[in-house]
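Worksheet for the structure shown next.
By written order: A, B, C and D. Residues from 1 in each chain.
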Amino acid sequence: MMANYKPNEMMTVAAARALRNEDVCFVGIGQPSAAANLARLSHAPNVTLIYESGTLGTKPTVLPLSIGDGELCETALTTVSVPEMFRYWLQGGRISVGFLGGAQIDKYANLNTTVVGDYNKPKVRLPGGGGAPEIATSCGEIFIIMAQGKRSFVEKIDFFTSIGHGSGGDSRQKLGIKTKGPTRLITDLAIYQPDPETKEMIVTSIHPGVTREQIQENTGWTVRYAAQVAETPVPTAQELDILRELQARTARAHAAA
Amino acid sequence: MMANYKPNEMMTVAAARALRNEDVCFVGIGQPSAAANLARLSHAPNVTLIYESGTLGTKPTVLPLSIGDGELCETALTTVSVPEMFRYWLQGGRISVGFLGGAQIDKYANLNTTVVGDYNKPKVRLPGGGGAPEIATSCGEIFIIMAQGKRSFVEKIDFFTSIGHGSGGDSRQKLGIKTKGPTRLITDLAIYQPDPETKEMIVTSIHPGVTREQIQENTGWTVRYAAQVAETPVPTAQELDILRELQARTARAHAAA
Amino acid sequence: MARITSLAEAVQAAVHDGDTVAMEGFTHLIPHAAGHEIIRQKRKNLTLIRMTPDLIYDQMIGMGCAKKLVFSWGGNPGVGSLHRLRDAVEQGWPNALEIEEHSHAAMANAYEAGAAGLPLAVFRGYLGSDLPKVNKNIKRVTCPFTGEELAAVPAHRPDVAIIHALRADKAGNVLLEGVLGVQKEAVLAAKRSIVTVEEVVDDLGPRSLNAVVLPAWTIGYVSEVPGGAFPSYAQGYYARNNSFYKAWDNIARERDTFLAWMKENVLEKGPEAFAQHARKRAAAAE
Amino acid sequence: MARITSLAEAVQAAVHDGDTVAMEGFTHLIPHAAGHEIIRQKRKNLTLIRMTPDLIYDQMIGMGCAKKLVFSWGGNPGVGSLHRLRDAVEQGWPNALEIEEHSHAAMANAYEAGAAGLPLAVFRGYLGSDLPKVNKNIKRVTCPFTGEELAAVPAHRPDVAIIHALRADKAGNVLLEGVLGVQKEAVLAAKRSIVTVEEVVDDLGPRSLNAVVLPAWTIGYVSEVPGGAFPSYAQGYYARNNSFYKAWDNIARERDTFLAWMKENVLEKGPEAFAQHARKRAAAAE
């Protein structure tokens, strides 16, 4: 790939662009936090960022390492308790976008962050669901950020930690879920969106320089494509500058601590 | 009655004396508030007073007219929301003594503050239960303060707003209630306590100068007496001074507002 | 996202005939100015929800705005009865008033459940009380772990919540402090909301990291109405006017004195009439 | 009523072998010093409850204190796995560890319900998740008003809750500020409690009227342990030591490096060792 940016940066930039100024976003640590703050520092200055530690409307100068760094609280409109966060704010239906990621994903964007292998005799014990099971069903829609690979993009996930589109179609509605679920899967190679009928995640945009072969090599199911597949616009110089400055500030702050 | 105090003052003083330094007391407006603060300003300086408006550990200089006067909040350790008050503090079982009163009481200390007459066609529509239904069952024990009279001390109350000892005996336990219920009924004439078996409120102490005839004349059921009936000690000069100063401060403050 | 408008515009836009309306404020921060505006705009057939109906609902009921009242304690605190409420319930004047009666615990839990997006509130309540016999919205659920039977009531989900708060910033973020009551829950539980405030400021200013703030994006309308809680109070602005609460007993006792007072002090006035109460107190404090 | 004692005395009195222990702190105010004291006092067979097990439980599990873990997210935040937790679950070292796994929403609601004296928490959760298949403590209750099926989990009612807070006054009233997590709920839900604080002061000082305060009469033991949250942080005292969280990954990866670190830094030290972290930060800030 000939470019002055890394695939990871393309992924973060593409995720950031999906956020709107009027969104209220439940942010997870890592890539989602970078993407959400890039959005806030570029095209969506009024986007409302919420971290599950209770910080409402936070505007961190550096990215937090943990979900409850002091920086998040000090720059927030206010900070509520964690029970209140999950009752009034998440379950209350006040969040328009939730970000999720995971160790495994299937073509319906169901996620596993619990175990690899059998639950009672795991090959790898992963950290677990945390907020994901209810983020997946309570937020208006879900954006997923994950780098692609055959071990993570699998035909069948070992454990349903949080639901995406279930077994496709009207799976969510049948469970009584009223929210949209994953509307975007943003990877280091492409952007996927759900087929309107089957809800399978299909590629709607390919990042510059990436081939369909590369995408298939890094996906454990047969990848489908939209009728019209776009090329993701390259990160702008401004997007890269803001993202890199944010990450440099973050690295300095975390090293100093 | 030859005395330098009023029956009302005797009632308030007797109620105050029942509070202990280590009590956490859920205080209602009016007589309970006067009694609780008299206790705090005399023999029980560390008694913890809680008002249902959310004020924890409040130390008002003047008595509040309402349950949520600013004075209560400004002198409190802190103030919580009303849902939290009823969930964590009252239902949480953290209150040792609740004060109640009412328009009607029966011999098992069940209270009516809802209606006189039929519920759907009331002769008098009273204010209603407020916090009483759950105060009556969640506090460790209940002190009731009420001036006696045939219209209020009745054989049968028109509506069970809050339970005392139900129909007596183990009524409370049968309903799954684990708290003691009314342990003291303090009137302008006497102090009643529940019979250990039947739970009927029986007179255990008569205020100075009051006769059994007077008590019966002001009670709508046949009054029973403990084997040993005490005479309530007269209010001390100190008790009266503190109470009267408190009430004078209160009158001045409310007139000024 | 909060729109900062006049109170008249806010009521015009957010409160419709037949709505379920929750006006909260637990002694503190009762939205009296908003109640007067609803009376002036002649809203009818409202279902009024409020823990402690108090003077504000006595006025609205007496002026014929309400068809139903959902409440837990309907008195004039420390004074006595609400005469207009009693007249409506006992005599059907000016119209019959349906009542749905709860305990405070039930009402507080129902607001909490509404804010939490749940259909019901579950709590330990009403044991031994007759209220479940006269209110079909009090049911029981069984704990699947212990077998304990608990009380259940429907969550409050009003069409409109109306509260008074201390101040808002220009973006519409609203600060509450002091006796908090159920106001935050009422706003979060409602489809629409109006918040009157003592003042709109550039910045909410220094505050606790855990200050009670309703973000602008949870609120419909914000209106600056200094003194708008009178005769209730606004912590740090003016005190509760206990004398007025006592005086109300005489004003409201008879229909004609009530109507005369409402004409002079509500129908012929506007929200700006409340400013004198904010000012009077501020001056007195100096 | 809170007793102000040394941490060693508090743990001695309040934490017994076989107890169910909740040590909370959501990134902020994690009671690391108390965890070390429990390790030094060699408590065994504990059931450990915590939303985010984190380094503190990685250490306790690796040192053999725990027989069961009730949790919702067991990682090193922003870094990766908890190697001692994984070793216990995957290899049974130093002993097998039973796990009861929930979501954050369930854990937060279970603490809230415990604080509220309820036997269960009811919320909208676990829809489409496999967790109810592997956790028999996740059930459903039906709303009698709407028919909606909601999730139910038992309330947390630990034998002991242990938290770290900013400061206490001499009566034992405790102040929290900043990221609050579920600490207040954990203490109110527990039969006994220990609160370590950065400092014991004469007076809690100027604060919001709605400051988050645990009254002395809701707390068992208060112990002054400056720096006691390290490598977590104490708002206004010292920042989170993100470098230590990253370093822990290497320390805990292998059993021998872990044991060596625990010997040097925990077994051979006392609570006073934490003071350097409070001081270091204070000095650096000047």
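Operating definition for what follows: a residue touches a chain if its C-beta (ideal position, glycine included) is under 8 Å from a C-beta of that chain, and two chains touch if they have at least 3 such contacts.
For clarity, every value in this text was computed on a predicted model and none was experimentally measured.
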B-D or A-D, whichever has more C-beta pairs in contact: A-D
From chain A, the most remote chain by mean C-alpha position: B
Separation of chain C from chain D, taking each centre as the mean of its C-alpha atoms, in whole Å: 39
Centre distance in Å when chain A and chain B are each reduced to the mean of their C-alpha atoms: 57
Inter-centroid spacing, chain D versus chain A (mean Cα positions, whole Å): 28
Junction residues of chain B - those touching two or more other chains: 73, 79-80, 87, 91, 138
For chain C, residues that touch 2 or more chains besides their own: 112, 116-118, 123-124, 148, 178, 180, 185, 207, 209-212, 235
Overall pattern in which the protein chains touch one another (line/ring/star/complete/other): other
In contact (per the touch rule at the top): chain pairs: A-C, A-D, B-C, B-D, C-D
Chain A residues within the chain C interface of the complex: 22, 24, 48, 56-57, 73-74, 76-80, 87-88, 91-94, 138
Touching residues on chain C, where the partner in the complex is chain D: 116-120, 122-124, 137, 139-146, 148, 150, 152, 154, 177-178, 180, 207-212, 235
Of all residues in chain D, those that touch chain B in their complex: 1, 112, 115-118, 173, 185, 188, 207, 209-213, 215, 217-218
Interface residues, chain C side, partner chain B - complex: 26-28, 51-52, 71-75, 77-79, 81-82, 85-86, 89-90, 101, 103-105, 108-109, 111-112, 123-131, 134, 148-149, 178-182, 184-185, 212, 233, 235, 239-243, 245-246
Interfacial residue positions of chain B with respect to chain C in the complex: 29-30, 52-55, 64-70, 72-73, 79-83, 85-87, 90-91, 110, 114, 119-120, 122-134, 136-138, 159-163, 166, 171-172, 175-177, 254-255, 257
